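Structure below; questions to follow.
Labels A, B, C and D are assigned to the chains in the order they are written; within every chain, residues are numbered from 1.
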Amino acid sequence: MRKIVLALLSVLIVAGFVMSCAPAAAEAPAAEEEVAAEPAAEEAAPVEEAPAVVDYPREETLYTMGKQWGPPTSWNPMQQGSYAMGAIGLCYETLFLYNPLTDEYIPWIAESGAWLDDTTYELKIKEGVTFSDGEALTADDVKFTFEMGKNFKSAFYSELWAWLTSIEKVDDYTLKLTFSSPEYQKWANYLYTVAMLPEHIWSTLTEEQAITGANQPPLGSGPYVYEAADETKVVWERNDSWWGIEEMGLNMAPKFIIDIANISNNAALGMVLQGQVDLDNNYLPGIASVINGGYGITTYYPEAPYMLSGNTAWLVMNLKKAPMDDAAFRRAVAFAIKVEDIVTKDYGNIVLPANPTGLLPVWDKFVDQAVVDELGFSYDPAEAKKILADAGYKDVDGDGFVETPDGSQIALEIGCPNGWSDWMVAIQIISQSLKEVGINVEPVYPDYSALTAGLYGGDFDMVINNDVQISNTVWAYYNFIFYHPIKEQMISGTGNYGRYENQEVFDLVDQLDATPIDDVAGMQAIISEIQRIQLTDLPMIPLWYNGVWSQVSNTYWTNWPSSAEGAPKYLPATWNGYWNMGAVLMLAELQSTAAE
Amino acid sequence: MSLRVENLTVYYQTLKGVVQALEDASFSLGDGEIMGLAGESGCGKTTLGTSLIQLSGRMRYMRGKLELDGQELPVWDNQAMNAFRYRKVSLIPQYAMSALNPTRKIGRMTRELIESRSVDFRVVLPELKRRLELVELSEKVLDMYPIELSGGMKQRMVMVLSTLLNPSLLIADEITSALDVSTQKAVVKMLAEFRDREFVKSVMVITHDISVLYQVADSIMVMYAGQLSEKAPADAIIKNPRHPYTKMLISSLPKIGVRHTEQVLSGIPGKPPLLLDPPAGCRFRDRCPVAFEKCLQVPPFLEIQKDHYVACWKEFESHAQAK
Amino acid sequence: MSEEKKKNELLFFALRNSKLKIGAAIVFLFVLFAIFGPSFAKYPLNEFVAGGPNPPSADYYMGTTAYGQDVFAQFVHGLGSTFIVGLVGGGIATLLGMLVGFFGGYKGGWVDELLNGVTNIILVIPTFALLLIMVAYLKLRGILLESIFIGLTCWPWAARAIRAQTFSLVSREFVDLAKLSGMGTLKIIFREIAPNMMSYLFMTFILQFGGAILNAATLDFVGLGPTQGASLGLMMNWATIGSALLLGYWWWFVPPGLAITAIVGALYIMNVGLDEVFNPKLREM
Amino acid sequence: MKRYFLRKLLIYLLTFFIAVTIDWMIPRFMPGDPVLNMLAKAGSVHAEAQEVMYGYLTTAFGLDLPIWQQYLNFWNALFHGDLGVSVLQFPRPVVDVIKSAIPFDLLLLIPAIVLSWIAGNKFGAFAARSKRMDNTLLPVGYILTATPYMWLGILLGWVFAIILKIIPISGAFSYALKPALTWTFVLSVLEHWILPFASLFIVMFGGWAIGMRNMIIYELEADYAHYLEALGAPKRLIRRYAYNNALLPQLSGLALKLGVIVAGAMATEIVFSYPGIGYLILMAIQNSDYFLLQGCFLFIIIGVLLANFIIDIVFILIDPRTRLGMQGGAS
């Protein structure tokens, strides 16, 4: 019988080996690509081949990690969240780039864009932009791309056509867009988030193919082309005939960019420390303690907070439930939370405590300090107790926790998804500090979908949320806090999960949307009004700024973006939407250590 | 004389101390003799039986001399004894029902056993088949697993297996206890048959069931509390027992040929002594109706008539008077 | 030998079986630690008392986590939950296993098939599939819940083992005799079969006890463990999340793993000791 | 015998049916809406588009149908090898996702299980030879089997990958390679495979060793062993019988362990980010990709059932007691 077992074993091992190469075979198009791309790898089969040979020489390769949760499976730029790292930015390109650090729009595919009047926008496209198959990218492709939103309702920018009436082609490189009601801020956002597609390939696709297809291999106009992909990574190869080399004199340093699908913190940090990953965009607990620790690991700032701020973590409260429906109570909560503990103990100082307005540092110019001084808040348990007492919250039954003015018990839950370790610690700290002022709040960790279901359906007490990311427009922030109209299901991408209702502020937000992006004074005026209401009612409480997690190894590549004098000033992130927020320019700045 | 035993003494090592299971047993077994060994359970008959072939873990060989066909049996030396086991001395164990490896076909197991004793199986095979026939087992059993055999069949299979190498002495331990009366008879008859065909020279049948013995045994030896009481030809024991214990044993049998049950003898007051520290002298003393001061010494096992051995002072006296 | 004597003998052997003594001593030690440890903890459980990670010191006996929680507090509380899991989880699993195993093995036929079917189902449904649904619904999960869950899902092992053992016993003579003598099923099972595999049942229970502990550790490690209190598995989970290895916070992830290994290992050794005590044959080996 | 097999088969089909039904419930029993999760992950800026997308995907996943229909469709799809689309790896079919993970599991689990079983049994039998060896060798076994998989994994990774830096700590093969049947690749696969394999093997090995040791000691005290001794059979033969008989319970143990092993493998795969089913399950859990989860569990269910069935049959072939006992039960 043991013989049988052994036989079985050996057979299966062999089978295992053969099958372990299945992923390559499985992705038929990819496999073909490889054959075409490098016959060398295919001929490498013979036994006498030296084991040292690798497909991607290290000194020419940029290893990144942090975007890909699970294997890369989609190269479709229409799938905003799920497309493989770099599909937009490296492969497909947008009309403009937007760099939040300098608050400038960088013409990319577009030569220029301008509002001729309140309802017409003229878009000029660079001549000589080509797709990687040599086809020129012209006004037709741009027109086709935008009109896809009209034809395919499930395209993520289809709502654009609610206020865009027509696109007409003036000449091969000029388009005139006519709007019914100009939403300047939103439009500016589209300008750098919608990737331009090759009409000659996409025009034949059905809606299903176009929206849900994997689009592998992708064909774009960008500086990199699809090389290969498997369970663990996606490989991009530099396109040496990229139009940008001539048009913009940009030479991307890495020949290959390999993005590794995320692995456990331990392994990730290990690979960073050993220089196996050059750019890591994971949240790595304890990273602060290894920076300047002789590993050649650096971050944007050499000292705390180390990271740039990427979004605000909000305490979302359910305003339809007592006592959260009472502004005074919410205010007390705001004063009671010891954010400082979250910053130091939970995050080890790699995040910043949030400004009472919740606006990211890049938007400091929109913070109305007068309003903040008057209505702002900070950690002050005594004040919190006082506010509670004044509002009639007293500990009637002597259990150490206050009851509502009408004497009913307060027992609240603060939730975050199970397994989100940093937030789990954060809500423990919050509940600890709220209990200290007599507010009974228990941390709970439901599974992600249970939590979101509760959040969207309005069945929750308190939840941490950071749905809205850094972007070109502060409007997006207020659209998140004061999203309207209030619906039965406030699904992701909306906001205002606490169901705060106040028509006045709603109108202000819409007004802001309709303010031209260059009219800073106009925006400031509206925003300070909004901030007054926001800080009076506190529909959400800003806690801290999550970082643009980014730790880089200087072993193989240097001249990374950083706060240092003369260093590149870009967001060093590979996440979706970040390449086109300037990160792609970082690639031209990188210097290989092998070169020296 | 195929087997001669002198002063064989075997104790058991237990926590409570030493159990004196077998005390100075001296007897002999003639060629072709089938000797029954009878006595209440716990009287040491199984100890005597097994001590002739293999001392189990807790048995301690104290003293004594054993001789089989003129050769000394080194029972105290497990290794040396191996040479004698199976070839010279063999055993049909009490647990014959479960004596066969349940996961081996009987034939294969037999072969492996035989060959492990460096005997060529092919040579033995024909004989094996013949003997199977003799005990009314078809050759097919060799292709069967033990579980496919009935109790009686297993019993007979073990008989054949144990005697396959024609041992000089066969110890049959409680071979009938688990069987129903009719099978018992068959098994017992075969035992005789085996002897007649000289598969075995002599047999020691250990049982508490005298009636069984009466059917086959040439002689019967009675034990009590680790001591030999009486040994004589079967008829003599049944018809004319001399030792008081034997007398009671026999008289307590309702009628000859009827099965004697396993209970403590009804007729006799008292219980057999604990063998942890047995009383000095004759161990039957306390229960013996005719006991007297002499019985404080251990009575020798004397031949008071041809082939009739007894260990009882009273008997010696009356015997002396008779002369 | 009379009951009284048997007891004494068992006791006697128990007292001179070194495996049993060593194993029991280690387990006992940890039990004491679990019971009295918390009262020695300087800091409340899971509270963020220190600024950040600290190596062991007079102040923090076993150092602190990367978040500044007292490791000692977590450790001693974790020990407690470990034993709860073992006791409750292992206990429930063994009882269910005995029930199913005995009847299946003894009755055979359709009863066996039925029980077998049930066993198979529990066996093939990856236990944490059920746990997942539970996790999704229960925002708060305690140790006891986890224990019960483990108990309810981990019995097939015991059931199968006991069933197999029962099978081999059923085909033995004494069971046949008992049947012939017209004994009832329950009687035979608990008078004839169970005693004949006492040591085996003991082994099963202790294996289950240890198994439950290891199971819990795994669940905790993949983040499906309790959300309240502390457990050794959770400590390891958080330690890996906090990159304790690479940052060299050995005091955070070594003790819990060691403790589990020591406890479960000691249990097994103890178990073999018991085995020898119960089974005279093994003593003679 | 035939009748018996049919009955067994029936039982297994029934088991399969129930297990799969429970499995089917997973995504539907979960609170929340898989499509919403997916959109939430997509993190698109514009809610309006999402609503369109939502309707669209709900139909795509067939979640708008009445529940009974969904159930029927599920079975129907099942027999066409269609387990729906992964949320985490949208738009990739679940089957694809699992297919690409299976080889790594086979590579990791089969050798680990089988080798540890064989080696463990040998070691256990060896340890049972004498009191001295038993006392010296076996505690090792206990310690090993008492070690939590992931802890051993962590320690191994710590020593070999981080301190000694001789073995990579994560992944299934070098990121600098493309899957292809070259020596470079195979070596790379082995090098990444060794640590997870070792941590699984070592722990299981201890378990089997102990199991065998206990079994064989019982067997050596069985009547047939004593009988053979009495007939002067050499220790060798008796040990061989005892060993073979002791293998049976060990074999049934093998079938039973599978479930546990899967969990253990999961922990190990997580520690080493080894892209097998276990790792996939964790991914699915963390991203509440219940369709993928469903698929993984289905795979495990089938695997465990199959293994059980095979072992049942093997048992019937090699253990007459079981066979005849069962026949008795069947007739």
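Keep in mind that, in the parts below, contacts are C-beta pairs under 8 Å (C-beta built on N, C-alpha and C of every residue); 3 or more make two chains touch, one makes a residue touch a chain.
None of the values given here were measured: they were computed from a predicted structure.
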item: Chain located farthest away, centre of chain C as origin (C-alpha); value: B
item: By mean Cα position, the chain sitting nearest the middle; value: D
item: Centroid spacing, where centroids are CA-atom means, of chain A and chain C in whole angstrom; value: 45
item: Chain B-chain D separation of Cα centroids, rounded to whole Å; value: 56
item: Centre distance in Å when chain A and chain D are each reduced to the mean of their C-alpha atoms; value: 37
item: Length of the line joining the C-alpha centres of chain B and chain C, rounded to whole Å; value: 50
item: Multi-chain contact sites of chain D, meaning residues that touch two or more partners; value: 30-32, 154, 157, 162, 248, 270-271, 285-286, 318, 321, 325
item: Multi-chain contact sites of chain C, meaning residues that touch two or more partners; value: 132, 136-137, 171, 223, 240, 245-246
item: Sites on chain A at which at least two other chains make contact; value: 264, 266, 270, 419, 446-447, 449-450
item: Chain B to chain D touching residues, read off their complex; value: 50, 53-54, 56, 81-87, 90-91, 93, 95, 98-104, 112-113, 116-117, 145, 147-148, 158, 162
item: Residue ranges of chain D in contact with chain C within the complex; value: 7, 11-12, 14-15, 18-19, 22-23, 25-26, 29-32, 130-131, 134-135, 138-139, 142-143, 145-151, 154-155, 157-158, 162, 210, 214, 217, 220-221, 248-249, 252-253, 255-260, 262-264, 266-267, 270-271, 281-282, 285-286, 293, 297, 300-301, 304-305, 308, 321-322, 325-326, 328-330
item: Chain D-facing residues of chain A, complex; value: 1-2, 5-6, 8-9, 12-13, 15-24, 26, 34, 41-42, 44-45, 47, 49, 51-56, 58, 61, 63, 69-71, 73-74, 76, 79-82, 153-159, 162, 189, 193, 211-214, 228, 230-233, 235, 258, 260, 263-264, 266-267, 270-271, 274, 276, 419, 446-454, 456, 467, 469, 471, 476, 483, 491-494, 576
item: Of chain C, residues touching chain A in the complex; value: 46-48, 51-53, 66-68, 132, 135-137, 139-140, 223, 227, 238, 240-243, 245-247
item: Contact footprint of chain A on chain D as seen in their complex; value: 30-34, 36-37, 39-54, 56-57, 60, 86, 88-92, 96-97, 99-104, 106-107, 110-111, 114-115, 117-118, 154, 157, 161-162, 165, 169-187, 189, 247, 270-273, 275, 283, 285-288, 290, 314, 318
